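This is the structure I want to talk about, given as structure tokens.
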């Protein structure tokens, strides 16, 4: 009990601080500061360098700040899109035809993306039946012997019946059970069927949320008026916050030609970056749009280039038999990709950083000690000042002195 | 070689520990503890404050624990939805009609969301042709001179032919090549066409995975019985883990009126939060549902309020000519937004934190030294106890003493 | 002013380093090193253990490296899919029928997933009208008294009219206003209608991006030739980087039977892991595919097992009256789940780690001091060497000595 109290008293009423050797030497003193300076310079220097390689280099202090002193959270997002535009086409197969949103946006709505059909191969009035395959090296035949009944290749339109029939006057191909006539997609229309899509517009509504900070915001900023929204078109320089995009401009911003892309289709990424520093005003938390082509373009390793898919409209004729119009739709899918991180001051990372920072500065002392005690010619002199040798027996040499 | 051995011996058989001045002074001692206490209080205090601003403040120790000692991973999720409900409508245009899932869920399936049509503007039997535009300030005309052939505005339904024709007895508008008759969406039906959708139910199946910890779980908890699932409806208080939601309740939970929302449509976020501490039993890792309206409501800057899109059903008549029924579908899109972080003990962040913590406590000593050695009147006395001055020449004042 | 200069001079030209007691004692010396060794071993040991529980244990040093010295970023991804395959069915209701992509992929395109119909319940030529409900415990009736007009249960196909009519020769059920005849989904076809889907193939194109490092890559690797892509099928061992998958193989890789799954449908996750260490060559940043079944299978708490949804094809007959073919589509939805983290050297985490590391080693000294000064029998001797007691008055006992 008494011991306990003594310990407590000692704990409370005694203050221990390390004993220091203070070497009054310009050389050593300056060296010490120099080393400390170097460490600092090194870190800051790398900060700077690192900041520069960032996409948008923020001021150094911000950079350091956001790194070490903030709690971060990733964005949670919701997107809706709406396309506008009408065009007409005039072809032998379809005649004069008007195309509006309901015709060229397929499916009618998606969550984070929108597909605009720019080109198509249409095969009308298909019915279930038997007809010759398209001629290619696997389907062309001389006699039934060349056709294996029931077989079906990766690119075949149906199941072979085993018969070899005339495809046209000259060529014979294996007959297949399929939707007849089979689609002929050997030639993609050029220029694109709906090339006018270049002038269609796309409205993107984006609502983001940072759960950890319970902070939410929309890409239609509070200071934007309805009048402005009705007329504006996004432009990186003049209208960076207008959420309405001209399709042609999106593709060009990504460094591609809309008319080329329209022929075989492709994927365009509309990237919305919501990096925010919530220690500053929320009005500074703004969307940054960028555009990138997402489908591969290099021709030498490229299966099914561009972007297309098949869908059918089903009809039933008088007899109730089902007919369909098969459409191979080429077009551009616009993926709205929302990403970003929000940072906000948080005490824990701050403390961790300060702690480590202090520890780091200790390095300077260690380095200097090494130099002073091992490299300098007065090292022995300094050493005996710093160290007090205690032998493992009562008659310690340096031991007695302090008594 | 010999030197090497000596060095090794020294490294192994010598133990160096800093020399300490132990000041037996209540004032200084207490001050020291006080400062240390303050640092602690400061940190803890901020922890507490911070914990409070969190959405769901966990116990302090948990909070600290999860922050500093855990490795974290973000959720990977997969969602499926299924709506149920039937209703009837009786209108002049459509007559008596039953609506089931296949009619009002468009498209039939989506990945993370489900659209329920609550209101619609239907334009039946549209065919390709020429007809007068809807009257508005841009389309009303006196003579053909007012209509520019080939022109097409943002909101026009087709391409102007350049003729000015009668829209009805009194008004003349520019003629357009379009799907005729053009849709008249000036008046949105009120109350909503499918207002009964309020009582439809939505089953949400969610499967989550934390790749780093290879931990996966479903929102249909193991202890839930099929019987319960067949009957239950989600309620924040009574049935917080029932994955079946009444549409009306979802909207109300977000503080909005379903009937209002049903008219012009909108986006509802069904947020599933999977924050888990995997150091505790996995049965404590539970989904937390919350609801939020995601589309903007402020009327003063709002293009195309609510949520709607157009789609068409295509028919072909006897002559094979294509007709379509255009539907402008207003409705509520339910986005299932899954987010969350899992934390699990990991040695590396732990070590980093302990290390920094130790370094931090060093601050107390530094502060006290400053006070003791620079502010107290006995400072010179204390200083000479703490410091040993070593001049840069053999006749060190304090130097000789220790010899 | 003068004081200022003095202070500056002191700051620049003085070097302070702590005074050390150097105890020449094998026991203590070895103990000290032992403790330090233990700390090290502990950390490393846990690293190792931890590395082992990881899915793919990387070399220890890599593991440590990636943990402590790197800035990380999460993946941003875009996916497109394309299915191929044709099959025929021959049933009493539909007769001989060919199924191609446009028939069994619904909807025609989705963003991160693809649904392949493997089974179906088809109800042809439904029209709006009145017909008896399917018999079940709630709908079977003796007289009109049993049927509540206007009522509609969760599973009913329409709104009850209140009449009790013959369902077939023997059973009477409540009449409903609905699409008639009502769908009878009591029996799911077995084996699956489109069981041949097992051999269909799925091409997955994935484009990933790490915004922070502005690093993007595709799952179709540069060194893959078009020839290879036209022929290859993914195999974990032989073709780990072929982006074309056989549906059957996907399900089997997840440890399930395709034919079982095809009957009631389900959700398959195609997981693409893009964990990359960007300090190494970008050619080492490769996709790793894995497969997992995402829908719950345990029968005892399972509403609507498997995966299915309803959609309809709408027709209009001569009179313009609308008819539809209702299809309850069972099938497998393939969700492409892309995840991963990229790490790249960054100075800030590095510094934090070094700092903490240094602080940690201090623990050894603290522990040893405790042992040396409190546990060893020579503790008093050692203590008086380490400590210098300073009483709070001029006549300090240990005080005088140093003067």
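Per-chain numbering from 1; labels A, B and C assigned in written order.
In the analysis below, contacts are C-beta pairs under 8 Å (C-beta built on N, C-alpha and C of every residue); 3 or more make two chains touch, one makes a residue touch a chain.
Protein names from UniProt, one per chain: A, B, C = P2X purinoceptor.
Note that the structure is predicted; figures quoted are calculated from it, not measured.
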Angular offset of chain A relative to chain C [C-alpha, multiple of 5 degrees]: 120
Fraction-based call for chain B against chain A, same above half, different below: different
Chain A-chain B separation of Cα centroids, rounded to whole Å: 17
Shared-contact residues (touching 2 or more other chains) in chain A: 16, 18-26, 74, 107, 110-111, 315, 318, 352-353, 355-356, 358-359, 385, 387-388, 401
Chain A-facing residues of chain B, complex: 16, 18-26, 28-33, 43, 46-47, 50, 54-55, 64, 67-68, 74, 106-107, 110-113, 115, 128, 152, 154-159, 177-179, 267, 269, 271, 273, 292, 294-296, 298, 300-304, 307, 309-312, 314-316, 318, 320, 324, 326, 329, 333, 335, 337, 339, 352-353, 355-360, 362-363, 365, 368-369, 372, 385-392, 394, 396, 399, 401-403
Footprint of chain A on chain C - complex, ascending: 11-28, 74, 76, 78, 80, 82, 84-88, 96-98, 100-103, 105, 107-111, 125, 201, 203, 205, 207, 209, 211-212, 214, 216, 218, 220, 222, 224-226, 228-230, 313, 315, 318, 325, 346-348, 351-356, 358-359, 378, 381-382, 384-385, 387-388, 398, 401
